[in-house]
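Chain lettering (A, B and C) follows the sequence in which the chains are written, and residue indices restart at 1 in each chain.
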Amino acid sequence: MKALLIRDIRLAVRAGGGFGLGLAFFLIVIVMVPFAVGADTGLLSKIAPGVLWIGALLACLLSLDRLLALDFEDGTLDLLATAPLPLEAALSVKALAHWITTGLPLVIAAPVLGVLMNLPTQGYVWLVLSLLLGTPALSVIGTFGAALTVGIKRGGLLLSLLVLPLYLPTLIFGAEAAQRGAAGADASTPMLLLAGISAATIALMPFASAAVLKVNLR
Amino acid sequence: MSLWEYANPVKFLRLSERVLPMLWVLAISSTVVGLLWGFFFTPDDIRQGSTVKIIYIHVPAALMAINAWFMMLVASLIWLIRRHHVSALAAKAAAPVGVVMTLIALITGAIWGQPMWGTWWVWDPRLTSFLILFLFYLGYIALWEAIEDSDTAADLTAVLCMVGSVFAVLSRYAVNFWNQGLHQGTSIPVATGERSVADVFFVPLLISMVGLGLLFFALTLYRTGTEIRMRRTKALLAREGRN
Amino acid sequence: MTLTVTNLTIIRGGLPVLADVSFVLETGQALILRGPNGVGKTTLLRTIAGLQPSLNGKVSGAQDQIAYAAHSDGLKAMLSVTENLSFWAEVFGQSDISHALVAFELENLSDRLAGTLSAGQKRRLGLARLLVTGRPIWVLDEPTVSLDTTSVAMFAVAVESHLKSGGMALIATHIDLGIEQANVLDVTPFIARNDVAMGSSVEAFL
């Protein structure tokens, strides 16, 4: 399992692995926002938590395409399916690798982009915490979407169509927590619900992902 | 003689051919009676005026939008557990009907909302939940269309339906949490047995509910028959190809 | 140890291609599968490896014993030869990869990125992967594609020493590998005739 994790991270970091693409996309989306809605700092600071969450979510979505497709094309998934490692575990590890190479950098970059969006001072802690709790769920749910569409040529658009509705509860609680935090209100309830979603999806989604991947491999 | 006998596509086709004519008559007549009664022969509401009459299409459509998804969930489970092809095809056939019901509920809701709330659309939890349900339907249908092998498509969409159901319920609660909303409470709470609608409105409403329910049933049965015939054509061609 | 295949009927695209395939493979034996293109050799191997469900019949003794290698090797262009091999070794709970490098003469290439290797060298690396799995049954689909005669001989030696140390091999190939312990099985007689049932997803609709 450790070998798979290290391999996936190594592949992401090496040339052509796409590491940093999500981060760059996140930056660009946030930079575009003031051009679209106007540079009024009051307005920006009001919408900052929500926009940052949407940006992170889309950046996460963007990288799902590569999560399993490359391993499917070169036969790695076939070989992993015959390996002693259960597919559920392999997919959990791949989701973890995806989170480390995509989700975690987004969490770390979010405060910097928060400055661009005039995020209120008290909002930073809650923004980072909510992303830290929420992005793992995005990775695991995304792995399910990737496993579902892995056999489909040019399935990227379909993948977005399938995954985005599944992202809704995470987005609602995550953005709500960040929003309340930024407004100086008590954010503990949405935070707990967000943690609940993350815990439940991490525990259960790999089984669904492995089930659909097995169907796609046969 | 068990119910599962009709899981055989050919037997199912024969049965549905016998049932369908009667079902069409019942479905269309009760829908027409319910809607006409509701539109023309009920008094206006004191506060809402004649706009309330849209309820006779809005509520049954919304009801069937949810029931259609629920039926797809049950059919998907039957497919995953018992591998009856008819079940998977019935789920596939129900989805477009369900999506139309969802659209009707959304559009009539918007039309009703305009005079009542002064706007076509509010991000009210109920409306929002239906919009989300609409997205789930779209994803489900798109996945069926994207996969060539029919058994693979049936398996994948069945799992998507199960996972989607969980997330749809989760979204419903998340949306409730996010915005408390303007939408009136349910008119006919099943659990308590009380209702906030007077009998004059209730009877035609009930008839339209039964009507749209039967209409959904007839359309789904008809579409399932079409799906079975398509698969049968493929199967016959495959047999031809071998000889 | 025995791999037993009994009355196996395999399907491709929902239709049976080979029917009632039976054979027994004992420790130290190799079986070469022959037959024209499209007859279903790949499907047969995938079914035995457990990657595909069969229509009928039974495969016993294969559970967690098979190392499968096909046209695509699961190699990553951006990883070095050593990294590729160590990864698969660790996945299969092994640690030593040096014997695999030696057997396929990859020592001098060990630090090169797999993406910079020639087609034949890549193939050798893909086959070296079999040695690091520690699995006794090799299931190989056209293993000699893009190998030159020297490399084919190298591969034959590897298979022979695998057999001597108690392994087995099931190989679909068109060329003569010159392996002594190998029996040949022509799968043509097993081609599914028209009277073979077509599988529930077709049959149910007739």
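As a convention for this text, a residue touches a chain if its C-beta (ideal position, glycine included) is under 8 Å from a C-beta of that chain, and two chains touch if they have at least 3 such contacts.
Treat the numbers as computed from the prediction; the structure is a model and nothing was measured.
Distance from each chain's C-alpha mean to the overall C-alpha mean is smallest for A.
C-beta contact counts were set side by side for B-C and A-C; A-C has more.
With centres taken as mean Cα positions, chain B sits 32 Å from chain A.
Rounded to whole angstrom units, the spacing between the C-alpha centres of chain B and chain C is 49. Taking the mean of the C-alpha atoms as each chain's centre, chain A and chain C sit 37 Å apart. Among the residues of chain A, those touching two or more other chains are numbered 218.
The set of chain C residues touching two or more other chains is empty.
Within the complex formed with chain B, the chain C residues making contact are 13-15, 194, 198, 200-206. Those residues of chain A whose C-beta lies close enough to touch chain C in the complex are 2-4, 7, 10-11, 14-17, 71, 73-76, 78-85, 217-218. Listed in rising order, the residues of chain B touching chain A in the complex are 132, 135-136, 138-139, 142-143, 146-147, 152, 155-156, 159-160, 162-164, 167-168, 170-171, 173-175, 177-178. The residues of chain A lying in touch with chain B in their complex are 144, 148-149, 151-152, 155, 158, 161-162, 164-166, 168-169, 172-173, 176, 190, 193, 197, 205, 208, 211-212, 215-216, 218. Taken in their complex, chain B has these residues touching chain C: 8-10, 83, 85, 149-151, 228, 231-232, 234-236, 238-239, 242-243.
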